[in-house]
Amino acid sequence: MRLKAQPINCTLKAAPGEDSSTDVMIGLLAEQFESRGVEVASTIRIAAHTIPPGVRSDEGDGDDWPAIRKQILDADILIFGTPIWMGQPSSVSKRLLERMDAFLGETDEAGRMPSYGKVAVCAIVGNEDGAHAVSSQIFQALNDVGWTIPAIAACYWVGEAMGSTDFKDFKTTPDKVARTAAMVADNATHLAGILKASPFPGHEG
Amino acid sequence: MRLKAQPINCTLKAAPGEDSSTDVMIGLLAEQFESRGVEVASTIRIAAHTIPPGVRSDEGDGDDWPAIRKQILDADILIFGTPIWMGQPSSVSKRLLERMDAFLGETDEAGRMPSYGKVAVCAIVGNEDGAHAVSSQIFQALNDVGWTIPAIAACYWVGEAMGSTDFKDFKTTPDKVARTAAMVADNATHLAGILKASPFPGHEG
Amino acid sequence: MRLKAQPINCTLKAAPGEDSSTDVMIGLLAEQFESRGVEVASTIRIAAHTIPPGVRSDEGDGDDWPAIRKQILDADILIFGTPIWMGQPSSVSKRLLERMDAFLGETDEAGRMPSYGKVAVCAIVGNEDGAHAVSSQIFQALNDVGWTIPAIAACYWVGEAMGSTDFKDFKTTPDKVARTAAMVADNATHLAGILKASPFPGHEG
Amino acid sequence: MRLKAQPINCTLKAAPGEDSSTDVMIGLLAEQFESRGVEVASTIRIAAHTIPPGVRSDEGDGDDWPAIRKQILDADILIFGTPIWMGQPSSVSKRLLERMDAFLGETDEAGRMPSYGKVAVCAIVGNEDGAHAVSSQIFQALNDVGWTIPAIAACYWVGEAMGSTDFKDFKTTPDKVARTAAMVADNATHLAGILKASPFPGHEG
């Protein structure tokens, strides 16, 4: 059964056409996943949608989260893309994580959240510093709500301290980033595959 | 010259009338500041306003940030209130920090950001765990954009692991929280006072 | 093939006989793993050993890490136990993570670190606050050096804000902690099993 | 009254003669402080001393902390130097912070910890990424035990993602780092001066 990956881009830029370095990093991962036979859905640019603050799966009229939530849960692999601002994940990425808090109350008869058996990886970019701070927060929050994190789950680029280069301006991908993208795709594809074939059995009581 | 404090509440609840535990914590600090002669402005509930994602001081039509930014900078002390979700600061608080990133480019002739000489303290509440993770991120981000952090700058309450008690449901304030609120107000008031009397001289070149 | 778990205790208390709340949490998890057929090795109290600072797998004479490293890598599941101090993981736990940095240079012919295919979970205790800050840092550091993190990988207890209760003084385990321990063991056992049966294939080039 | 700064270096390298990039960053700050009239004590290389794990100010025979603690508290400004490992502060720096936890119980008759009125700044270096994660943790832990953090309190350098350049190998200091060092020294010197002239009054009750 073919695996499916869903990328999300938590850039602060709302206009879908606006260039985003995070999109470039997501594209790099998407290419690697596709070359391993994974179907990669179109990237969802979160800031282009209306996602009100809250911790429920539906915050009412005009909430775009229910549809995005469905797209994310239809996939086996989440590619969580976010830029770094002030050394931290974007407010848009935090909004998304908060909405996933609802998974805690949406368990099936075996106590499994809707995210169980799915794997998540990060695509992180910034002008400088913050990639590990970002992945640590995203890993912890996603893990708390049921996602599994495969070995080497963060593909990132940041420039030198206080730098201002944008990842999207590179003409060729730095070798180490390209290698990391391949490793992330290797491990996530393998883990998503065996978890799909042999899902978490869930919990008693 | 009388000092002024501006509290902000970064709860996810947009309706100004909706009960917020963060408001209760802010109220506790406000009372302490007032009893030390500090004027405390009305709390700004951020989620009740429209603050688009971005890193500029004005993101255009319908942006409420320019007015809120002015209120914050009119005060000497920022009371940064945020709930904890998933062990981390709220997306609303992150949105605000990102908008302050613009301070980096808004220096005066002596290289001082508009936040220079002002002090910031945190008011943090959650059902369980995360207060230190929240204060670490807020301190770092605020400090990067020019705020000074007085000794003992976080007043917080969280319940036992995986608890569900709300701070707003307490009939009386826990002793240790009351004592911390007094300490935070003591130090922030003193530091804001001496910094107002003797501002940072700024930087050469 | 029977799975094996190796617990480590990163308490600051060096004397093996000295009571440690972290040991109690590890014991809770060990019991759950054993009831699922996993062999659980004796807990290694790290502070009772000499582990010099460094980022190599052997820092020379008197270094106890090579033997501990072997014990950890002989198991399929790492139970990473640490207390919380100042809202953060202990210095002893950081020492251990730094020594695992060497894994990055110890890949096999398929580019796999010695930790590949192994899963890690956390056992975290503190008087108050910090569990999510701790798990976020441990997940990120372990993931960077090849460990896989199963859904719901942190079992923790902390008391109310500024509390002073020790987890070891509980007469009965809080229900929610007991339930979490079972969930952690369920997921980690399943994931370690399928990864052992179907290891990460590694990377080309 | 002349101000005094005490630098500490939390590198993993124990040999005092061994080259440390953190020393270079500390040296940069020391020069800036000296040119503003601050006396800068010799850097204490923590890993060259025996500092057992614990949270008391004296852990008994062979503990070098009591003497180092005295040197730190004899100064007005702490220059907290640490390398980055795995995107996080070093285990050596965490050891030190834990030992300062004892300050909480060492208040004077006005409820002031021994760190009250002193300011702390960071000197952080790494091959790549992690400076903001490090400063966030150090600011939070130091603030919890009574230190004040002046505006712009972190001077750091990190290379591009997954880089391997050492800061100590630069022939000339990058402009932005030099400018930051001057800003850190400007603000910390001013703040330490006014706090020395007008100490925190402490707390009632």
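Details
Letters A, B, C and D mark the chains in the order given here, with residues in each chain numbered from 1 onward.
The rule is simple: contacts are C-beta pairs under 8 Å (C-beta built on N, C-alpha and C of every residue); 3 or more make two chains touch, one makes a residue touch a chain.
What you see is a predicted model, and the numbers here were worked out from it, not measured in a lab.
Distance from subunit B peaks, on a Cα-centroid basis, for C.
Two chain pairs are in question, C-D and B-D; the one with more C-beta pairs in contact is B-D.
Averaging C-alpha coordinates per chain places the centre of subunit B 36 Å away from that of subunit C. Here the spacing of subunit C and subunit D, counted between their Cα centres, is 29 Å. Inter-chain spacing, taken between the CA centroids of subunit B and subunit D, is 25 Å.
With touch defined as above, residues shared between interfaces to two or more other chains in subunit D number as follows: 86-88, 132, 136-137, 140, 144.
Taken in their complex, subunit C has these residues touching subunit A: 111, 113, 115-117, 132, 135-137, 139-140, 143-144, 146-154, 179, 182-183, 186-187, 190-191, 194-195, 198, 200-205.
Partner subunit D is touched in their complex by these residues of subunit C: 12-14, 47, 52-55, 85-92, 94-95, 97-98, 101, 137, 140-141, 144-145. The touching residues of subunit D, when paired with subunit A in their complex, are 86-88, 128-133, 136, 156-163, 174, 176-177, 180.
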